[in-house]
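Structure incoming, see below.
Per-chain numbering from 1; labels A, B, C, D and E assigned in written order.
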Amino acid sequence: MKYSYFPGCTLHTQTKNFNDSIKITSSLLDIELEELKDWQCCGAVYPLTADSTMGLVSPYRSLQKAYEEGTDLVTVCSACYNVLKRTNFAVSNDAQIRKKLSEYMDVDEYAGESKVLHLLEAMRENKGFEKIKEKTINPLKDLRVAPYYGCLLLRPSEELKFDNPENPTIFEEFINSMGAIAVDFPNRIECCGAYVSITSKRKVKGATESILKSAAKRNADIIITSCPLCYHNLAKEQEQLVQSDYLFKPIPILYFTQLLALAFGIEVGSCGFESNRIDARPILKSKNLISGGDAL
Amino acid sequence: MDKLLRSNVSRLLKKLSEHAEIYAPTMEDGVCVLSKLVNNYDDWTLDYVRTTNSVKDIFFPQNEEIMRYKNANNDLNIEPPKPFKERVAFGVRPCDAAAMLLLDNVFLEGEFYDSYYKERREKGALITIACEKPDQYCFCTSFHSSPGATEGSDIVLYPADDYFLVVAVTDKGKKLIKANAEIFENATEKSGIVENYKSMKTPIGNNCSPGELNEKLKNEFDNPYWKKIARRCLGCGNCTFVCPTCHCFAVCDVARGCDGKRTRTWDSCKFQDFFLMAGDHNPRPTQVERTRQRFMHKLNYFKEKYDKYQCVGCGRCVEKCPVGVHIADVITHMKEEL
Amino acid sequence: MSVEFKPNIICFACNWCSYTGADMAGTSRMKYPATIRIIRVPCSGRVNPTFVMKAYQKGADGVLIAGCHPGDCHYNSGNYFAKRRFLLATRFMTFLGIDEKRLRMEWISAAEGVKFARVMREFSETISKLGPNLRAREEA
Amino acid sequence: MMNMTEKMLEQIRDLFEKKNIKLFIGFEKGFEKFSRIPAFAENYDEAKSMIIDEFETPLLAKYLIRELGEVGAGAVEKSERVGILTRGCDYLSIRRLVVDNIILRENLVIIGIPCNGLIDPKKANKLLGEEAQEITVDEKIVLAKGEIKSREINKEEILLDRCKKCIMSKVEESDILLEENMDDMEVSKDYSAVEEIEKLTTEERYEFWRRQFDRCIRCFACRDACTACNCRKCIFDITEPEMLEKTVATSEQFMFHFIRAFHVAGRCTACGECEKVCPVDIPLGLLNGKFKKDIELLFDVDEAGIPAEIEPLGEFKLDDPVEW
Amino acid sequence: MKKIGVFVCWCGLNISSTVDVEKASEELKNYPGVFYADDYKYLCSDPGQELIKKTIVDNKLEGIVVAACSPNMHESTFRAAAEAAGLNPYRVEITNIREQASWVHSNKEDATAKAIQLIKSTVEKVKKSEDLFPQQIPLTKKVLVIGGGISGMTVALEVAEAGYPVILVEKEPQIGGNMAKLSETFPTLDCASCILTPKTAEVGRHSNITLMTNSEVIESTGYFGNFTVKVKRKPTFVDWKKCIGCMLCQEKCPKKTNSDFEHGMGKRKAISVAFPQAIPYRPIISEKECIYFKTGKCKICVKVCPVDCIEFEQEEKIIEENIGAIVVASGYDLLPKEELGEYGQGKYADVIDGMQFERIASASGPTEGVIKRPSDGKIPKSIVFIQCAGSRDNQKGRPYCSKICCMYTAKHAMLYKHQVHDGEATIFYMDIRAGGKGYEEFVQRAIEDDHVLYLRGRVARVYEEDGRLVVLGVDTLSGEQVRIEADLVVLATAVIPSIGAKALGQTLKVGTDTYGFFNEAHPKLKPVESMTKGVFLAGCAQAPRDIPETVSQATGAAAKVITMFSKNHLVSDPQVAKVNEKICVGCLLCKPICPYKAIEPEIVEVRVGCRAEKRQVATINKGLCQGCGACSVACRSGAMNLSGFSNEQILEELKSLCL
């Protein structure tokens, strides 16, 4: 199944390692990701200002491009997914916004025909989880993985329709299909602080802390996330937390495709573990999921 | 004697249309109908034996407004219908023209005349074309008429290869030719074209001519023959409405809230309720009485009143009756039997 | 249209659901154009397709039949028969050349005052765009 | 075919002798060469003039209304029986009257005869260009001789319209069957004429029908020839309420044809008599054909022409299609 | 031409604000057929009625048109007035120029023009009207009550007391409904079974009441006064006549299973009776659980039964009853907690709903009245109650307030505090709705005497941590986010119509609203009647309500039934179909259309012209016909007509509207 791939700004810079594992694992699940030609920032936040149409110009442009290529759009970051999908929803339901945008960009009217999917959804659509079960060579036996959804993936549910907003199950399926144990921790759908962590760390401190502690309390080995932004907040926060609370044992944060690459038996070098803020390899080694040699 | 080239006919019609409505035979979905030409004047056709609706439509239309009334806050005012326009019927057959004379007897003779019919008749002109090829239904010769007869028409055109030989019968016809003299040319030779039209025979020929049938019919009131043919009759108004000589009509008011109009429409003696009277009494309850009445009127009562049979042998009822109850069958049978 | 064309729309409303729905629209002061005239009938099954044809002939520009939702009919099968009759009648009228947008059938229950007003506005809007219905209409 | 007539006459004679029937309805030669008109015989010698051949005949069922329905209360009680000559299409019309409780089946003696399509002499005349004097038929080829020309025509061309889309060529159930039907008329359902009109735009369709209806002279021949139209007093004859005014204006014509078509919707046996008897040849078959096509499509009735105990508009299914 | 009187009503400002009433009555004065036209401030008032009566008598009018509000409102009033003045009531017609003209149009000129045209069309309709006389139809004086809860029982008892036979159908094996499951009831805290069991006992032994438990209504035909209802009696596999209620079978039965009555809080045997005071006190075998049905072995109950009344091969029976009136009292259920994702979606055992708490607190319940945690049976030190769980929540599709949760939650907290004095009871609420008599005082008592902590705010999430439940909420009064660790969380889930109510509505042809509650005929004026005549509503089947309201509504419904049965026969609406036998050909195309099977063929002697003829015509059973008119459309010749809405009337109305 062919999709046009919208990587989002960090995938080529800070979180480049995610990108490699995304490419490998999705091709194994015969999901063909062909990068959108000249994409640009997704708009980062779905505008809530009064005249919010101008905020939709850049996501509209990417959607319009994907539509011209005739394939649905896959993103790998919750924030991009949220903004693009809500723009698609607004354009297909509000004729005025559609007219304003198409006149401003003087392209012929795009009315939300093409679909916006997160990579996880694309997997689920192409019976990805059965394929994972088949293709898992290195099952992650008794690895306790805590799935972190965040909020932009789930809410507002009438527009995103990603999963049950209060009680999602897609990540649990993903983890079980790799043979790992899904840890059910209540804060998995709390907000990680998103951009607020950049402007005023103090406000957001409590949020990420409660998430990490909640996962730790249920002795999760690894936390996986589906969004570079959540990864950044959770990982960065752990560094401060370790200084201030010496009892706290850091939990490595991985992007879900990294874990998937490991399960598929891809050699560790190209899973990109080395550039994660907290090194996950010691724990993986202790669960002898990676062979001794290439641990360090 | 004048001549009219076939190619000039459309020109003539166009010229006449300046001050008169033109009616001509046109082919509509395979049916030849005498209909009003609105602006395209070569829409007429000549390959027909007879038009389905006769020229009666023009002088005694199926549906005619007699008057209108308005009832505004309790006082009633009545408007006469709009004055009729001049009308010219082109392509009429001699039998239809003859039928108009019969209608004249009914509507114009005697002390009381029908003013609507009278006005239309005066403002109407008939340009008849003699029949080149009568078909198996025609029997005009049985009624002292012929494919080339001139009774009833204003002008008769006798078709000859590429032109018509023009014979003006009435002074209205003469005036009409004089008014459009430039279209007509004068014909030189007077060969036997007209005569052979007049003497042309129809397949049925004369064996439908009633002769003295009306005398005999006087005492045939309860002849079983009526019951025999009436049993076949479906009771539809087909034969009466296509017949050029039938003239029964019904008058009814059509109301629109407080205003309305009085209209006159054709009615047929074959309908179930034609003779229904107040108090639910119907002197002719079954089809036997009605069928007998139809033919007795045409062959007996009309003859006594106007000394003419009320049929011109156009053959429409013979062609159109689905079950073969028509005047030709009646005459031939009655002549044999009596 | 130089003079602003005011359509003349006839609505047959079934007494138990749609007529009460119309009342509900009234009590909640919903607005719809004054081009609609409502005729109360006991059931949508009472509406004879000949009435609809008569309406067009006498000068109506649009006809709307409102009945109960299938299954809710007070006489339990009236609207099913109405549906069958008008499934055929609409197709036949369109076959004769009358614009099918001029006849509409809607299921409106007693509680749906909002829907009643919305349907009336929509229908009046469509008919004004279509203009007067001159087909099968009586000469003055 | 001749022996068929003798067989019929033989049957009629013994029916009359056994006092089984009080009347027999068949066909006899009409005024023109090949026209066959209905014939009524109250005893054997009146029936001598009856014949059976392959030429077009009107449907006889309509007369049963008058012969049985009104006079002898034949709709209600057993009365003296009436014999009738029946082909497949006649049988459908008879079944129409029986289902409509106009006549009782017991009051009928149905004499079934085989049929593989009747010839329409008017079409032969038209193809010949003049009145055919002699028409001989063998199998699929017809030889028509006029005074001047003579032509061989294959039978399909001059078949009667209704025979082209014949619903029932064999008589389903008859009291006496003169001869078994040789081969069935393989005929498929053909609504191409109706689809032709459906393809036009709405304006064109209205123009088409306005032109047809303007020719209509309101003679009611279509109603009087139709067996589905078997009311005691037709709604068009009733003045209070006046569904149809006497004036013959375009809107009234639309009303007339709309009401009549709707009254026979789902009940018409596609016998084509209405089209045949219309003096101005209005394609009435299209109107009834449209209803028949829709009924078969929407209410999945496989052959709407065969009268059912309850007519399609007399019942409903919960999963009827919803268009709105 | 009839002498018709036209009265145009001002209706105060309601009509006159957008319809020029004077202009209308002026214009109608000289409309052909109108003899008298006038307008009046309030026609429905007594002076208004007097004006109409006087005008009829003085001018001997033959028809009346009243242009005012909807016929559903005052048609009967004006027809009664005309009848009093000696004019046949069916000569009076109403033009609706309020709900369908003045209230829905703003442009005065358009509205007036439309009103005038509507009045003219009604005048045309009245011209074609005829005198109609109501029919008298026989009536079966027996009522069917569906639902054996407190509302069903109250109706049954009231009607039975009035001397009419009652059939009480209940889908559970015993009567008592939801009230039997309650512990104490607010606001008096008297124990539910103490006030209920006298009623159930009385119903059990009342001679006029036939009890049909474990049964449901599957079909209902006919019309008000003459319903024919089919009741399916599901098999109980025990012969209740022979059984003496010793309950040995229940004791000895080896198979334990979840008890529906206990809402999952307690167990019961495969053969059992729901609770000790159940009426009828007879056991029932659950086909799904009983070992015999699964494997064919066991049969211990047969061995121990002294009177040998176990019948494994018992079949379901269909019973047909002739009924005069039906009362729907199908009660309510609670929204299953599985539908609330934010409170654990039913995963956590210690998150329970209101009814489950009732069972724990009930003396006859699984814990004999001691409030314990379902998971480990310990006494909870702190309980959090969450109000409006699923109610007043548009996203969940239930914007309505369930009305009783505020009160029963306060009661729960109070019961808990009475048992565990040092326990912590916290209630998260939005607004406390305690509007009944003594309700507010009850809540104040819970706050002041029993120190129940009321926190105004919604709960965002409930999750389990280290064996305890963490409740994340907010206290909007202090603006603080709140985190409470509780041993037990009780959700006051939304009140929804009982399962099967929508299907019952379809069977009885009574409409339900979008949430499944039954539609009443008029929210304010006819709360206990449904839209279908002869079918009444009582209790939570119509909308969530507490016990006092349910009982009063049930008594109202009973009163309606008793008034209906007080007359020996019913007066039927004369607007029914009629056949013109001169025209009818007897083709009976109308017969299959009639939903009430009111059309039958008949042989008549009819005079046509000078002959008498025997013919078959269609005839109408005036009693069965309800006047829907669907048959008149099927009749081709117009012989079948509907008086009141005849072809002539509708055509005249149509023509004048199209001018």
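Everything that follows uses one rule, which is that a contact is a pair of C-beta atoms (placed from the backbone, for glycine too) under 8 Å apart; a residue touches a chain by one contact, two chains touch by 3 or more.
It should be emphasised that the depicted structure is a prediction, and the values quoted were computed from it without experimental measurement.
Enquirer: Using the touch definition from the top, list the chains contacting both chain A and chain C.
Expert: Correct list: E.
Enquirer: What are the mutual neighbours of chain A and chain B in this structure?
Expert: Common contact partners of chain A and chain B, which must touch each of the two, are E.
Enquirer: Determine the shortest chain-contact distance, in steps, between chain B and chain E.
Expert: Shortest path length, in steps: 1.
Enquirer: Which chains share more C-beta contacts than any other pair?
Expert: Most contacting pair of chains: C-E.
Enquirer: Report the chain whose CA-based centre is farthest from the CA-based centre of chain B.
Expert: In terms of C-alpha centroids, the chain at the greatest distance from chain B is A.
Enquirer: Compute per-chain Cα centres, compare each with the mean of all protein Cα atoms, and return the closest chain.
Expert: Most central by this criterion: C.
Enquirer: On a C-alpha centroid basis, what's the spacing between chain A and chain E, in Å?
Expert: 51
Enquirer: State, to the nearest whole Å, the distance from the C-alpha centre of chain B to the C-alpha centre of chain D.
Expert: 31
Enquirer: What is the distance, in whole Å, between the centres of chain B and chain C, each centre taken as the mean of its C-alpha atoms?
Expert: 46
Enquirer: In chain E, which residues are in touch with two or more of the other chains?
Expert: 593, 634, 647, 651, 655, 659
Enquirer: Where in chain A do residues touch two or more of the other chains?
Expert: Residues of chain A never touch two or more of the other chains.
Enquirer: Two or more other chains in contact with one residue: find those residues in chain B.
Expert: As it turns out, chain B has no residue touching two or more other chains.
Enquirer: For this structure, enumerate the chain pairs that meet the touch criterion.
Expert: The set of touching chain pairs is A-E, B-D, B-E, C-D, C-E, D-E.
Enquirer: Chain B touches which residues of chain E in the complex?
Expert: Checking each residue of chain E against chain B gives 30, 32, 609, 655-656, 659.
Enquirer: Note which residues of chain D are touching chain B in the complex, please.
Expert: 30-33, 35, 37-40, 58, 62-63, 66, 131, 211-212, 215, 217-221, 223-225, 233, 237, 245-249, 273, 276-277, 279-281, 283
Enquirer: Which residues of chain E touch chain C once you look at their complex with the stated criterion?
Expert: It comes out as residues 70-72, 96, 98-101, 103-107, 110-111, 113-114, 117-118, 121, 506, 509, 511, 513-514, 519, 531-532, 575, 593, 595-596, 626-630, 632-634, 642, 644-645, 647, 650-651, 653-655, 657-659.
Enquirer: Which residues of chain E touch chain D in the complex?
Expert: Listed in rising order, the residues are 582-589, 591-593, 601, 603, 613-616, 634, 636-638, 647-648, 651.
Enquirer: Could you list, by residue number, the parts of chain B that touch chain E in their complex?
Expert: Touch residues, chain B against chain E: 71, 73-74, 256-258, 280-282, 285.
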